[in-house]
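Next come the structures, one after another.
Two complexes, one shared chain (chain A), two partners (chain B, chain C).
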Partner chain A sequence: MTTTAVSKRRIDMPAVLAWFVVAMVVVGLFSRIFQPDLGVMDIPRLAICLAILAIAGVRYELGFMRNWVGDLILGLVTAISAWLLVTTVSNHQGDAALGFWALTAATWAASWLFVERLAIWKTRSPLSTRIINLAIPALFGISILVLWEIIVTGAGVPKVLLPAPSEIGVRLATSVPILWADFQQTFMKAVLAGYAIGCGSAFVAAILVDRVPFLRRGLLPVGNLVSALPIIGVAPIMVMWFGFDWPSKAAVVVIMTFFPMLVNTVAGLAASDAMQRDLMRTYASNYWQTLFKLRLPMAMPFIFNALKINSTLALIGAIVAEFFGTPIVGMGFRISTEVGRMNVDMVWAEIAVAALAGSLFYGIIALIERAVTFWHPSVRG
Partner chain B sequence: MTALASAKDTGMVETTISASPNRVIDIDNLSLTFQTNDGPVHALSDIDLKIDEGDFVSFIGPSGCGKTTLLRVIADLEQPTAGSITVNGVSPQEARLNRAYGYVFQAAALYPWRTIAKNVALPLEIMGLSRAEQKERIARNMELVNLAGFEKKYPWQLSGGMQQRASIARALAVEPDLLLMDEPFGALDEIVRDHLNEQLLQLWAKTNKTVVFVTHSIPEAVFLSSKIVVLCPRPGRIYDVIESNLPRERNLDIRESPEFLKIAHRVRDGLRAGHSYED
Partner chain C sequence: MTDTTLPSPRNNLNPFAGLMSGTVGPVTVVVLSILAIWYISAAVLNTPFQQEMYERAGQEHVQFTRFIADTWAQERPVLPAPHQVIVEIWNTTVEKKITSKRSLIYHSSITLSSTLLGFLIGTSLGILLAVGIVHSRVLDKSLMPWIISSQTIPILAIAPMIIVVLNAVGISGLLPKAMISTYLSFFPVAVGMVKGLRSPEIIHMDLMHTYSASRFQAFWKLRLPYAVPFLFTSMKIGMAASLVGAIVGELPTGAVAGLGARLLAGSYYGQTIQIWSALIVAAFLAGSLVALIGILEKIALKRMGMAR
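Right after this comes the complex of A and B.
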């Protein structure tokens, strides 16, 4: 493993970042960090740690430890600094002053510098390349969470406006049974059922539209119309039709997912070219043989596009639909009631669960897509 | 008749094959007119053509002369607007439903989600052959086009020439009476094309199939064919039919021989004469 200097760039970003770290640390060391009157020298470990951080940051420019060991030390010191800032500020909520923000900026710039260095690491083994490729987005996400934590606590942002990630985390950990019940009600029942029915029926409809020409003119505009219906208007009607429990939410999801799937599948079925269809004709292939052996495989990239779009639409639809009448369980129900009770950390916990579930759902479908359309130029590349 | 006159000039003999010919394709007074927004386009006009079993017939002509259209009419991919055509004594549609055709297109048109072996198996699956029969035919035809060992590869992992060979294997696997080839080597470079031409001749000798081959390359047409049909455009019609007196066993060296050059010359004359009016 070696590191190479970034060259041929108009602005030498790592150098700018390194000197920015030094400048911010200097500002931090010589100004007040907490109200009413607390300097960084009153918290010696923070002062020492940030001094080391400045040196580790600027070592490249000063010309020593220009290797991956130095980079790792930089990463380690950055992590310790961030940890010290987070723990210190929790004792001085809302009291942060100029020096503290300077030190925060220094730590943030140092983490950016570390990722810059990481990105140009050259490794020979594919495993470590893979680890680095995973580490970069992970570090990015972690630094956003840390910044969020420090800013919200340091500036004393009211909890109702934006709770700190640690508070959301605590709420997540202590409310697992409620969150799990909500997840089951909304995701496992409404979303999955609605998604399966919506995508499945749209697929069958697309085949019919393709087979029966008058449906293309009749059904497609109706599908278009249905997709344009506002969910806010449809959801209460579905509650009246299908009752308070999850079937009405599933119905909303069906309405939301139907049209993207229909349009994409119809487009996909038309994707095979004339030569391929002529080929099937010379084999005297019948309609179903051509459908299964040529047109459906050809349509798969389109179909998976719709499945991916729908995976996120379905979750949004189910959560919003729960605002219009529901039993006392469900992610949308919890969000609407906890907002009313000013329990914003619970709302954020539900949002976190929804984001995680949505991303996983999308990820699973994207994985299946890779396996099914391995032959497509966009995948095999 | 310019065609007959020029045949006499060059001293070419019209009948060469003495074995009793079994008629495969009989085209009589056939015309095809496409109706377009700019008025009717006469793609084919008054085509008369007989093709016998075991013939290697090339259609040659400039772009727009209807050579591909004529091949597509034979394959029942286009419908003639006048005249008659029979294939094996029945209509092209019946012949198609009897799986009389192996069609090789300008591009390989292999399905990228199927391996080479699976691509060759495609028509066999449609025909509903047994697994064992499929396996046997795949192995035999992959061997025939020198692709043994590439069964598990995907089309996009092979070169253009190999892809086109795979598509020939796929056409042969049907065991058709007629192999129809529409500029199959048009997209390949000359070295690969020469090589595949030689292989195609060997294949023809081995299988004794009737081949109809569309090309716009004079050397390719003369090298491969037992009968060369020269077409000319606007309206698409037959200008000359040349029976080749070259031996069936040929290699690339034959292209230097005087007989070869004579035939090539007559083809070139035909193309030039058919093209010389209007523009």
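Right after this comes the complex of A and C.
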């Protein structure tokens, strides 16, 4: 029964959000926002801003300014009210009351509403479409950060449990030398060396395996099985064999990256059609010519898939291997020791560095992929 | 090697012809050669220590066969021989009581329970996210890039912190470890399900439209059945990932119980045989869990008439 009702009268998400914003703003305006007794009227800027927010949010339902100017005003007012909420809550840490949470919810819903509007904007030039497609996830990320900041400071969450983004940022800025040393030890030495050796050797092995059909049939099922195994467990063994410094971490990375690369490259080398191989034969091309001109280019999407998977695996492998023994530098070492000392903001700073490094690594490989496999349908669009 | 093991189809006199043309023969050969390489490298890697032992004992001119046998029977070898590992696994599974702290079955069951809990939460979360993404434009545009970039963050690095922090709040036991498994396993499921839920062709969606099917009906009768093969494929990846998450999650808890704790204790005390046996058991666990999902997949697809 309910399903038919839904089909007749679609739930209109923007309308729900708009009225939610209005309701929350009304609740916020008429109840305490901070303990012990502080109403929103004591902070006139915030009150005015939220009133405008409610009007801008509901304007689409009431039927005025139904254009992109209205949307932009909504976005702007949302940003300002989020900023005001952040600044006011920093003066009243841990005192937030019902009204404050209502206002936070209103701001959150307004930002969602703005994104919802943004997603259905019709643009003519492909450039602006691209900018919007980048802006939507960026706005989502920013609003998560703002929400995190507001909730952590508003509810007075102890710093040991979850520091606010601003605190993490301060810690990040003040301990750049330590973070840089850790980054060099873990990423520049262990990850890059292990990644290069692991992917390179797996690539050569894949070409050898491809040459010998017997090996392909025998090694591929084993390789597939090994890819599913918790290879990270070899970390203690590698630390025992290669010592505490970065070679042992690089060895873990080599083993972790080897099998995904092997399996994907072999699959990629089989990706060319019989028709295409026949064409190469009619050109009288030999094995190597076919390999370099047809089969390797055809294998590139698979190879880059493995390279992308490996870029995250490599970082994980190096960091986890450092839990098993390391000199007194390195991202994994820092994380495990700072957790022990309850310096959680330092841990988060290290995580931010790791996330940035991982995303950049992934992004660079994705960019190279776009350049190399420009002919592939997924890139041509 | 290729000449002897890859007989041409004409050469039917060779009794191994049929055996070696499938996958079973080659896989057996590869596995056997891995074992052979293992034994040889065990002998080579353990040689220096063995020679030292002979020197201390004042023995000289040891017979070669005895020397090799001794390298395969050290107490704390650099690389234990396969049979040592198997004996250790036998001793710690069959010979020990399940309740014993030294039983590998006890440790495996702890790891397994957090793996399964994390996998369950992760799979449900992944499916929910995928349903949301397929049906909402905003979620698709705003959430999808973050889901992908969430995996570039080395979550395993945060694992110790999550566990320590949750312990500080008073949440301990299964849930913290399972959360790491959740984080690792939701991603393949979410991505695979988005792909699967979008896989019905436009013509089929149009057909549902002509039937005046609601979105819910189109989802339930068309999208979901289409997504089932994708779900099983990504569940296999998610299961393997959540086992890794559970093992790594056990590392920082101070080596209490579980396969990860076993690895850590082994590395502290130089018990290589213990490390290897935990590793092999973990591998076996991963293999059988993935195989279990494979069997479920076969049954489900067969009942749905999708069996390949």
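Just so it is clear, the second predicted complex is superposed on the first by the 348 of 381 C-alpha atoms of A that agree within 3 Å, B and C clash if a C-alpha of one lies under 4 Å from a C-alpha of the other, contacts with A are read in each partner's own complex, and residues count from 1 in each chain.
Note that a residue touches a chain if its C-beta (ideal position, glycine included) is under 8 Å from a C-beta of that chain, and two chains touch if they have at least 3 such contacts.
Worth saying up front: this structure is predicted, and the values here are computed from it rather than measured.
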item: Which of chain B and chain C A:161 touches, first, second, both or neither; value: second
item: First (chain B), second (chain C), both or neither touched by A:375; value: first
item: Contacts of A:323 with chain B and chain C, given as first, second, both or neither; value: second
item: Greater residue coverage of chain A in the superposed arrangement, chain B or chain C; value: C
item: Chain B versus chain C as contact partner of A:311, first or second or both or neither; value: second
item: First, second, both or neither for A:293, with chain B first and chain C second; value: first
item: Which of chain B and chain C A:127 touches, first, second, both or neither; value: neither
item: Contacts of A:285 with chain B and chain C, given as first, second, both or neither; value: first
item: Complex contact set, residues of chain B against chain A; value: 72, 75-77, 96-99, 101-103, 105-107, 109, 111-113, 122-123, 125-127, 154, 156, 174, 180
item: Partner chain A, residues of chain C touching it in the complex; value: 1-2, 5-6, 20, 22-23, 25-31, 34, 78, 136-138, 141-146, 149, 151-158, 160-161, 164-165, 168-169, 212-217, 236-237, 240, 243-244, 247-248, 251-252, 259, 263-264, 266-267, 270, 272, 275-276, 278-279, 282-283, 286-287, 290
item: Chain C-facing residues of chain A, complex; value: 3-4, 6-7, 13, 112, 115-116, 119-120, 133, 136-137, 139-141, 160-162, 212-215, 217-219, 221-222, 225, 227-230, 232-237, 239-241, 311-312, 315-316, 319-320, 323-325, 331-332, 335-336, 339-340, 344, 347, 350-351, 354-355, 358-359, 361-362
item: Residues of chain A defined as touching chain B within the complex; value: 275-276, 278-285, 289, 293-294, 297, 373-377, 380
